[in-house]
Amino acid sequence: MSRIGVFVCHCGENISRTVDVEKVAAEAARLPGVSYACDYKYMCSDPGQSLLKKAVAEHGLDGVVVAACSPRMHEKTFRSAAKSAGLNPFLCEMANIREHCSWVHEDREEATAKASDIVAMMVARVKKDKRLVPITVPVTKRALVIGGGIAGIQAALDIADAGHQVVLVEREPSIGGHMAQLSETFPTLDCSQCIMTPRMVDAANHPNITLHTYSEIESVDGYIGNFQITVRKKARSVIEERCTGCGICSAKCPQKKIPNSFDKNLGLRPAIYVPFPQAVPNTPVIDRANCTYFRSGKCGVCQKVCGPGAIDYGQEDSLIVEPVGAIVVATGFELYSISEKPKGSPIKGYGEFGHGTIPDVIDGLTFERLASASGPTGGKILRPSDGKEPKQVVFVQCVGSRAREKGISYCSKICCMYTAKHTMLYRHKVHDGQAYVFFMDARTPGKNYDEFWRRAVEEEEAVYIRGMVSRLYQKGDKVVVMGSDIAVGLQVEIEADLVVLATAVQPRTGADTLAQKLGISYDRYNFYSEAHAKLKPVECATAGIYLAGACQGPKDIPDTVSQASAAAAKVMTLFAKSELEREPIVAKVNERTCVACLYCRKVCPYGAVEEKELRDRQGNLIRVVAYVNPGVCGGCGTCQATCPSKSVELDGYTDEQIMAMIESL
Amino acid sequence: MHGHKEKHAFEPKIVAFVCTWCTYAGADLAGTSRLQYPANTRVVKFPCTGRIDPVFILRAFQKGADGVLVSGCHPGDCHYMAGNFHARRRFAAFRQLLDFIGVDLNRLQFSWVSAAEGGKWVEVVTELTERVRAMGPMPEFRELEAEECWSGAIDTPELKEAYETIP
Amino acid sequence: MAKSISEQNLRLLIDALVSEGKRVIGPRAAGTMTLYGPLTTGEELSPGELPRRSAKECFFPLCETILAYERDKEGVRVSDVDSCAIPETVLIGARPCDVAAAPVLDAVFSWDYRDEFFLERRKKTTIIGLACTKADDACFCTAVGLAPNDTKGSDLFLSPLKEGGYRCDVITEKGEALLAAHGPLFADAAAAEPLPLAEPTLGKLDLEKIRSWLDLHFEDPLWEEIAERCAGCGACAFLCPACHCFDIVDEGGEKKGVRRKSWDACGFGKFTNHASGHNPRDVQPSRYRNRIMHKFKYYVDKFGERLCTGCGRCIRACPVGIDIAAVLEEIDRKGARD
Amino acid sequence: MNNSAQTQSIDPALYATATEAIRAEAKRVLEAGTVAAVVGWQAGRRKGSALPAIVTDPTKADTLVFSPACVNNLALYLTKAKKEIRQKGRLAIVVKGCDLRALVGLMGENQLKREELHIIGVVCPGVQGRGEATMAAKCRECAVHTPEGTDVTVGSLPDLPRFTPVESEELARLEAMTPAERWAFWKEHFARCIRCYACRQLCPFCYCEQCLCDRNRPQAVETTPRPAGNMAWHIVRAMHLAGRCAGCAECERACPMDIPLNLLNRKMAKELKELYGHEAGFEVQEKGPLAQYREDDDQSFIK
């Protein structure tokens, strides 16, 4: 027989005004298993808590029900009181007779009866409560950052500055990401590379940062505090330790006519190359697909000219295992392309814009390269088809974005601002040129953003036309832009020299594959999902994994940097203790009855369920069962409701506890 | 507000299964806002609607509930991301089953009540209570509880009394 | 002394018994089948088909309450079921294969412990058996030493007549008393010709030989051969007139509840499960072996009777086609070889 | 439409040919050592009866048959509920189209691996229902006469008339009732239930080591065969099979009390198809309809 104590609180008059607390205590005293019941003016006060502690000791109570306010208010208070009286805190339950009873009912008789019922339910529950102890998980104080754009660099630097080791993995030969490609940035028009390249160098030189460029995540095992990451370092064909970055290999490479993707294919590069002059590391990589040596076995010029003998044609991909405790995902974005999409793809291209076949129809990033002083045109705005300076440039916003019929319904957030910037950059470089912008709305929520946009319209004389573009086509050396101006209700036709499309921001190709490796969730566009839109905007549902930058949704640089620092702060919070402690409300598998149908794994929002092999003493496999990793389990209990045989149970909310409450009704 | 309270011949027993993060907090908010609603509902708290097993609903009816409410976070608001999405499918299927068995679905209500929707909690609970009160007691499961197979039926007064009082 | 009773009067007899306050149990139509159940009028009697479930539930209900409890701070109060409340019963139109099982079960229910629930029902029940005129290929009463007109267990025994109506033989004093109380409904037996009896096709089995084979073959490949297909349901045991295993469970809450006794089946996987988790009969063949051993050896050794009347219900019901008659034939053959 | 669907009207030669082919294939795989046992059907003692057979000896392959009495869904013998059989080694199994759907479902539930099985499909014109010559209700609406994705498929399909879909008609009849009428319908049926658990034991998906309904701490469902517990048991059973049941109707066939259990399964399958476009047993699916969700799932029933 249990020895339960029931403590009924008057809450001043908040409860006792409508609930006959003496009666509730008297009725509780009659319940089987209740050894002590009393009522008191303020249970949460010091004397109230002392009353509880004294009763636990004097009556040898093995469970406590405090009938008072909502557990959301004072459960912690009473559980710690119970704990200091030597009772396991999870054997203390609250019966909510204030918010759920005295405050919402007027009839004293009804409210008293309800309060007694609530107490009886909680008494029935507490009798089935089990002693629970907080779970501790060791933490490896070492972080992985995936993606070396501004988000990844910022997060890596913050964590490294706090004194923790960071592994930074970048898919491209150089870190820098999109920000390294930009010319100037809104709303200040400061040079992107001027602010970016020092951060890149800082990251590369930081004693706490290990940089893996030209590398990808091969696999992810483990859980919060204890991940094992396998990184695939792709064969660079250049031995990094030997290379001095002199550049003679690139200079002497006979194969020089490869479109440079960093410059959006506007310029050319050799087969052995660094993507851009300020690349970090400044170590070239051989583009094996285009290298004459790899294609025909002849050539080998780079190897001959390389003084330190850094060229290694036989180099192979290598796999590196990195133990880490936390992961920041900062894989960034890419721009939507209007090209024709494969059949059945949910996202459509723009046939009406020529599917990307008109040479003088470019996207925003290409324009950035044209405007960049270190770009292929040296910062001159020259159109791709004939290299002439365009005098009439039409900018089209919301291409792909907010276009449900094209399969993307979200707003890409940054285009309004960068288009305004583009009109300014254009005006600054081509003084007699005219910029037109087709737009739906100008969205400028940000510090100094609207002022910036107004400057584009009012001072830099960009002509903003509210309306959509229905068609683009080549006519002679012009691109005809057919659109509507809904302000005046007229069709508009402009013969442009250059058209710049503000195409949608999309997650990186392969974002879904990476998410599957990490066990994190993503939305229908493959943007990664945060754990809570408002309160956990940088956490993933999967514990120990955090998000930074545009991989979670379109973002500009200030937002990206803020989120990266926030993610870094979360990592540092995790690293502040050597062991992670968490509430023991987690699911456990009954290995005796589990038949490994793994429905639990299918519904677990946290990816906390794994298969476990049960073996006998000789090591022979007996059978496979499910295993819930307590470090990863979030405690929702969806697994238990789904499990046909109830072989997985959520501590704190077991079937016995719930059924006892229902039975007591 | 403080007018004379109407007494009813029948007061239904309503059991509410709610998640702790949204609906329980919403009910708390109704309390802190001192909103008034009928006192028929008994709340059973869960971490998430995802934890709510259809068996609990069945058991509540068997144990004498005249109406059952299941309530949790709005889609997209789930503290555990997806628990309520799983619950939504589970209960969509379960209510069809109960309907097919012959349970009047007017006795079973599902709702999304967020932590900010104290008013909606009151509305949902009041509506369900009034609806079930108008329907009268739920006889089906209670009658079954007292029935025996013919061979085991013995009508002694003691047993009869015992049955009547067994929940 | 033989009497006869017309079809009409048999139904009137039921009406009369009901009006006396007796519970009358007989075969009655129930959906797609015939089942034994309480008759409220004679019209409900439907003696044509063998009822799907046996008549054992007259004495050994599917489920019955054996006590009720109430618990509070003062302790637990238990109220027993008053066996006086068990009504006077007449079981009418029961087949010989059902009726014959009742006296067989008396032995076990009054052995080391007297099961008052069973015995009280037996005491208060008068059985009017009915000869069987129709057999199917699952029937094998003759193979286990019974007959379609076996009166074992009956107090009165009816044999259908060609011209309609029944010849009624008095078997026991209990039967005599019932007949005497309703004398006017009966006539003296004329020399009417009875309907031909049913003729089960299975040849007579040597039950003694089977028993001695079982004695020596606790371990035998036969068990696996037959029973590895067994799905472990309780259909055979629950439909059997002689199976009598039961379970006892408490149902209700911690404050109030009842203790109930209900049918159990040796085919269930958890039937012999120990509290420790160990299960001595861990696979289906060992469970099926026990079923056969219990029916044709253990019970015989202890009480001298067999727990099988050849009604064939288990054969018809088995969802995986296990045929006890075929098993017995096989053992009989093996016994002959040994 | 053919209301008096009879299995006798089907040419016996078809079954005989299938029988020969099954025997040959069983013999071949047993002799070659490809499998340790073949799970099939054999003839029973009673005329026209058949029962499951587990053949390990190639010389016994000739005991295997295919006939209208081969009603059993043999997938049952590959589940964890039948560990003894799985321990024999690699297995071959003879399946009708409907049985195969259960195998497919079990593969999706991590219970079987396709590569560990040798599947002998048999084209099935229909098997018996209640009453010897009557065609089973499920066969009258069969859409999977020919199993697909097997290792070998034997037999051929005759021209079959269109049978009266008795089961869907019954389903429609129930759906048209008021809830009170449906309750009365089920109450009568479930009152007859004796809790022999033939429905559970014959179900290929009831392979749990510990059935929820056998648990006593806490007790979710009363174990005694009384109307209350019976009702709860059948509701829980139907819910646990929702989205998984592939319609073999073994539960209903096995029921000694003739409870139309497959109506419950049919109803759930129908609803899940309407709600989520899901049908069980046609392809190996990692997640059933109740183990996944879409953010835009119907929620018109939620206030």
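Chains: A, B, C and D, in written order; residue numbering restarts at 1 for each.
Note that in this section contacts are C-beta pairs under 8 Å (C-beta built on N, C-alpha and C of every residue); 3 or more make two chains touch, one makes a residue touch a chain.
Since this is a predicted model, take the numbers as computed values, not measurements.
Engineer: Which chain's mean C-alpha position is the greatest distance from subunit A's?
Structural biologist: So the farthest one, by centre of C-alpha atoms, is C.
Engineer: Looking only at C-beta pairs that count as contacts, which pair of chains has more of them, C-D or A-D?
Structural biologist: C-D
Engineer: Could you work out how far the Cα centre of subunit C sits from that of subunit D, in whole Å?
Structural biologist: Chain centres of subunit C and subunit D, defined by C-alpha means, are spaced 31 Å apart.
Engineer: Could you tell me the distance, in whole angstrom, between the mean C-alpha positions of subunit B and subunit C?
Structural biologist: Going by mean C-alpha positions, subunit B sits 44 Å from subunit C.
Engineer: Based only on mean CA positions, could you tell me how far subunit B sits from subunit D in angstrom?
Structural biologist: The separation of the two C-alpha centroids amounts to 35 Å.
Engineer: At least two other chains touched by the same residue of subunit A: list those residues.
Structural biologist: 592, 603, 642, 655, 659, 663
Engineer: Enumerate the residues of subunit D that touch no fewer than two other chains.
Structural biologist: In subunit D, 212, 219-220, 225-226, 290-292 touch at least two other chains.
Engineer: Name the residues of subunit C that each touch 2 or more other chains.
Structural biologist: Residues 62-63, 253, 255 of subunit C touch two or more partner chains.
Engineer: Tell me the shape of the graph of touching chains, choosing from line, ring, star, complete and other.
Structural biologist: The chain contacts form a complete graph, every chain touching every other.
Engineer: Show me the residue ranges of subunit A that touch subunit B in the complex, using the header's touch definition.
Structural biologist: 70-73, 96, 98-101, 103-107, 110-111, 113-114, 117-118, 121, 521, 529, 531-533, 541, 585, 603, 605-606, 634-638, 640-642, 650, 652-653, 655, 658-659, 661-663, 665
Engineer: Could you list, by residue number, the parts of subunit C that touch subunit D in their complex?
Structural biologist: Interface residues on subunit C, with respect to subunit D: 30-33, 35, 52-53, 62-63, 137-138, 224, 228-229, 231-235, 237-239, 247, 249, 251, 260, 262-263, 265, 268, 270, 283-285, 315, 317, 319-323, 325-326, 329.
Engineer: Of all residues in subunit A, which touch subunit C in the complex?
Structural biologist: 30-34, 124, 592, 663-664
Engineer: What does subunit B use to touch subunit C in their complex?
Structural biologist: On the subunit B side, the touching residues are 148-152, 154-156, 158-159, 162-163, 165-167.
Engineer: Which residues of subunit B touch subunit D in their complex?
Structural biologist: 54-55, 58-59, 62, 75-76, 82, 85-86, 88-105, 109-112, 124, 140-141, 144-145, 147-149, 152
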